[in-house]
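Pasting a structure below so you can have a look.
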Amino acid sequence: MFDLATVFEFTRDTVIFTVGLTAVLASLGVILCSSPIYCALYLISHMICLALLFLLYNAEFLAVVQIIVYAGAVMILFLFIIALLGGKKEVQELTFERSIAVAFIFTLLGELYLSATVGPTKQIEGKINPEIFGTAKAIGLELYSKHLVAFELASALLLVAAVGVICLAKFSFAPLKRR
Amino acid sequence: MSVTEQGLLERDKDTMTLNMGPQHPSTHGVFRVILEMDGEVVKTAEPEIGYLHTGIEKTSENKRYVHVIPMTDRLDYLNPPGNNLAFCLSTEKLLGIEIPDRANALRVIMCELARIASHLVWLGTHALDIGAMTVFLYCWREREMILDLNEEISGVRMMTSYIRVGGVAKDATRSWLDGILDFIQYFPAKVDEYERLLTKNPIWLDRTQGIGSFTREEAINWSLSGPALRASGVNWDIRKSQPYSGYENYNFEVPVQNNGDIFDRYRVRIEEMRQSRSIIQQVLENLPGGPYKDPDNKVSLPARETLHTSMEALIHHFKLVSEGISVPKGETYVPIEGARGEVGFYIVSDGTNVPSRVKLRAPSFMAIPGMCKMMEGCYIADVVGIIGSIDIVMGEVDR
Amino acid sequence: MLQATFAGVKNLLIGMGVTFRNMLSKPVTLQYPEVKRTMPARYRGRHFLNRDEEGLERCVGCSLCSINCPVGCIHVVSAENDPNNPVSKGERYAEVYEINLLRCIYCGYCEEACPVDAVVLREHYELADYDRDNYIMEKQDLLVYPEPNEFRVNILGNTERVNK
Amino acid sequence: MDWVTKFLDELWDFIVQSLSDNVPLIVGSVKAIVIAVAVMSVVPGLVWLERRLMGRFQVRLGPNRVGPFGFGQPMADTIKLLFKESIIQSSADKFLFHLAPAVVVFTAIVAFAVIPFGAPFEVFGQNIELWGANVNSGILFVFAISGMGIYGMVIAGLSSNNKYSLMGGLRSSAQMISYELSLGLSALSIIVLTGSLSLMDMVVAQESVPFILIQPLAFLLFFIAGVAETNRAPFDLPEAEQELVAGFHTEYTGMKFAMFFMGEYINMVTMSALVTLLFLGGWNTYGIPIWPILAFAAKVVFLLCVFIWLRSTFPRIRYDRLMTFGWKVLLPLCLLNLLITGTLKVL
Amino acid sequence: MTSEEIVKKIKENLADIVQNTDLPQGDAVIFVAPDSLQSVAEFLKNDADLKFDYLSDVRGVDYLLEEREPRFEAVYQLYSIDNQHSIRLRVGIEEDNPSVPTVSNLWKGALYPEQELFDMFGINVEGHPTMERLIMPKDWEGFPLRKDYPLTTETVAFSHNRDFKSELVKSKPPTR
Amino acid sequence: MGQEFVLLISSSVFCIGACGFIIRKNPLIMFMSVELMLNSVNFLLIAYSSFLNSLDGQIFALIIMTVAAAEVVVGLAIILTIFRTRQEMDVDHINALKG
């Protein structure tokens, strides 16, 4: 009656379901909340939920990276900009074009839901050592062998972005007068 | 609209208005400055004073000359003997009296001790403003000794009222002179200690060098005085140029620096502490004897021991206490070199025992517009350093 | 540049050395309620009225202290002495002698003005109280402290306590 | 009623079974509670240490009235703060205002969870490991969680509706982002040396010689970045009291203020522990006959004293200089160090 | 230069502008009308021999009780850093609509004391950039340092008026 | 949980993000919506990498994160520049090419 494996599985499923639902609700919060600060906070909680989901789907390295990169850096930047530019509440108004677009999105959503009913994908067997699946080591081994080109391209992209940001954001105020 | 909604960059302009003071940890009293900021950079600074206005100038017009002296203590409360001296010198000039040598020597010792104490307070609070907490307490340790000496000779730690018209209030005691000797032997090592903590410290240099600098012309034009002026390369010390109280007899150097930035003001003041110590040493080496106040009983109270024996002394005592000194009609101004710069009282007398007008030339008051000029284009952290480096005392700014 | 960096680091370490050496030195603070400073003889603290050798009040009610007070915090009303039972040595004595210590600035002018060494400022500095009323010192409050003859005028013109 | 007893029996069996299967889980929970309580109770001790030590550096005694040597002072302060009126500005954002201190304390405690402070040992046949959670990539976890701690400060700055707070919050976010990079990069050289992200492995790798001797530059950089990361003097710009009154916690009173305080001190402990683990050899005693856990504690306390020493000696650096220092000095040096370490490792 | 030489030189150069000169206790003092202040100040600052480049102070005086004309006076204390001599400019100002031209275009240091002149005496400084209250509150009425400014005194509490606490300030003529 | 759940969550978040991008006017929140969409894809990739027992999905997620980070900083810099020149942040009003 009480099989330990079943209970464990059930618990895991419950956790995944709850976290997933929270993630969806948080994302709803992002688009429905009128104050940008709260939007950002909802997005942060969404990111954290996703990180937990990553952890539950055996991607512990990516979960940590998700928190470090998204929650630790990207969202801080968002908050920084909000503080700098002001987080004025915005008035929502739904124009005709917008409603059309939203309707289109909902159609898309329906289609995607339909596609979810397609049967499960088959596992690829025996390629990965399950011991280290999802750890930094596994990711590293994979990244530096099979996906080296993508990795290099990504690093080049980062470099370009860094240069671009400096060019963009370095507004030319008069050089600081050292009295 | 709340700050968060409005953001650091305000809607209608590119800047943010930041109100600093009057209750701010580093405005040295109740000084308020309204900063227009672009991010962390100050665009304009607008000072606002008057929070400590006590109306001492007006009150002085209704007090006898002798009674003004305790009030001058409360103007620049870090350098009370300097204020006493400035007031007494102006009054004495109107009276046209000569001060005995011993009184002059004691006055010089008190003023130089007060200068050291004032600079110690300045160094401590200035370093605290820049973030070095410990220097503050080291400076207080040494200042405490000076205050103990004040207490020994005048009876009070800060508001000494020691210098009086015609001389000083009481004669020096043996233990006080010994205490000063101990102090001037102990003090140089401590100045070296502050310098070891700060002068070459890269963070300190970074926070002070090249910040809030005024050229020689600017400094003169904005009427800075004292160490702030000398840091800009102006060799002007009233102790040298218009000597008073026998400063011409002592051998000392006027430290001058050329960049006029916070660091140079720091160096000037540190060096001034050493010079003040040397002046005190010279005074002690040949401390003249004789009376410590003007023997003329029209000006200073007769000696206490004569009150029981001499009827004449008693009558003079009664007359002087109940009527005070009558000062001839006229107006005068005698500047002295206070700890913060030129201090002087412009006194207009109408021939009675009450001054008709007393006006303090307060170095801090004169320096405030220039100080706010220096702040433009600096970081907010430098604002704190600049206020500290000018060393304003709100007691004499608002009067 | 490397040299400058090394010099900077060296000076940072020197600064740390200064604080460290001071850590090893004795604290300069006093543990106040247990340890109290001995105040110097000239300390201007709370006021007292002296008595003379015979235990009579020294104050003769001349009001000079009141006149010489820059803030007007002394109130004196004098009265004629009863020759059979004199309060003071002179012809008159202070019937009312009051000092408002809240108003007082402790400048010591009253002490200087007094021709008979009656009012003195002594080394009592712990003047805190809960009630503003208690700061109006009446004559009986001011007369409590000195025993007869404990003060004298020393050679420098200061009232000084005689150490027995 | 038969099925009821049967059900109860089965339930009992299941509970016993699951309990015996899940001893590690129970041990884990107990450890979590113990560690959380211990970390929080370290804070008063640390406050006492800081105040006493600062007092000594400044030739005074520091708190010495409440209890022997003033040990009771932090407790008295805590009680005072607990009973203080909690003032919230009417124009502040109430929810965020309350959230911010909680975030700070929460992240500070959670970050300590993966810090091991002693070698595993056996009690009642159970292998007890002296840490809260065994995470393989422990150091990454610490960085991730301490990165989350910034939110507390930024939210506090945003919600207080005060310009000084806002500037403090902005400064803290910029500073943390800049110095987290250097922190990570200087730790990376140690990761390269040990080839593992686990803090346990790093301690094991230092059995013979601590990494501070092999990687002195990395130690220096890590320590400097760590001081900046914990917002301690001379890098305490977000709360620079002479410029920004109290920075992001200007508007906070009572226990909420104390929570910021607590977060800062726990972060200090975590950072000291991290430095000890990465560079000073963790609980390795190197021949000195004391308990390993005591060796660890001694090293951490020494580093805390250094934190306090720095605070009492140095002036505060300026905001723009801080950024310049972080990006133009610390970061290149970290990269250089990493490059050299990597090269040596490969060769 | 000594005070006598300064006075002599000024007398020679500005004979028609300077109203009077004086040497009280050895200080050089010259009396100037408000209209000519600007030109005198310029001369004093720019003349090579005098070169008064430092403005030490500006103060106002109210001579109401001395019954003399003009009632107000603005006194400028000047100093020459290079030549180490000083001079005092006394500018008499009429009682009705008192005003004086600014010298802050020559010496920036005059900004604050001139503003104080307005604040305390109600003397209008023409050409000054910020002619508003400095030390007194913005909405203050009256000019405190004028001799006819109504004064209040504070009664000290003694045992005969022990209840005297709340009503601390009473309207009463000043005591000396 | 099965693959349907993952697909449902992911597609919902993606569509919510798309919706947000359309209905919001504040460029910051539009950016956040883009982040939502990217994240939903990331989740899908990682979940399927677990189902398929292959690391390729995780690698892709990592690279998407890199791209997202780059995109965010550039985007925020652009927003900052626009705000500095135009003093407003409503995308409906930022329709002229001239800065």
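By letter and in written order, the chains are A, B, C, D, E and F; residue numbering begins at 1 in each of them.
In this section, contacts are C-beta pairs under 8 Å (C-beta built on N, C-alpha and C of every residue); 3 or more make two chains touch, one makes a residue touch a chain.
Just so we're clear, the structure is a prediction, and the values are computed from it rather than from any experiment.
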item	value
Where chain B and chain C overlap in contact partners, by chain label	D, E
Chain pair with the greatest number of C-beta contact pairs	A-F
Closest chain to global C-alpha mean, per-chain Cα centroids	B
Whole-Å gap separating chain A and chain D, where each centre is the average of the chain's CA atoms	27
Distance between chain centroids, defined by C-alpha means - chain A, chain E (Å)	71
Centre-of-Cα separation between chain E and chain B, whole angstrom	23
Centre-of-Cα separation between chain D and chain B, whole angstrom	47
Contacts with two or more other chains, residues of chain C listed in rising order	12, 15, 18-19, 22, 28
Where chain D touches two or more other chains, by residue	57-60, 93, 158-159, 166, 170, 312-314
Sites on chain E at which at least two other chains make contact	175
For the chain D and chain A complex, residues of the former touching the latter	10-11, 14, 17-18, 21, 93, 96, 135-137, 140-141, 143-145, 147-148, 150-151, 154-155, 157-159, 166, 169-170, 173-174, 176-177, 180, 197
Interfacial residue positions of chain A with respect to chain F in the complex	13, 16-17, 20, 23-24, 27-28, 30-31, 36, 39-40, 43, 46-47, 50, 53-54, 57-59, 61-62, 65-66, 69-70, 73-74, 77-78, 81-82, 84-85, 88, 90, 92, 94, 98, 101-102, 105-106, 108-109, 112-113, 115-117, 120-125, 127-128, 130, 133-134, 138-139, 142-143, 146-147, 150-151, 154-155, 157-158, 160-162, 164-165, 168-169, 171
Of chain F, residues touching chain A in the complex	1-5, 7-9, 11-20, 22-26, 28-29, 31-33, 35-36, 39, 42-43, 46-56, 58-59, 61-63, 65-74, 76-81, 83-84, 89-90
Chain E residues within the chain C interface of the complex	156-160, 162, 165, 175
Residue ranges of chain C touching chain E (in the complex, touch as defined)	71-73, 75, 96, 98, 100, 102-103, 132-133, 136, 138
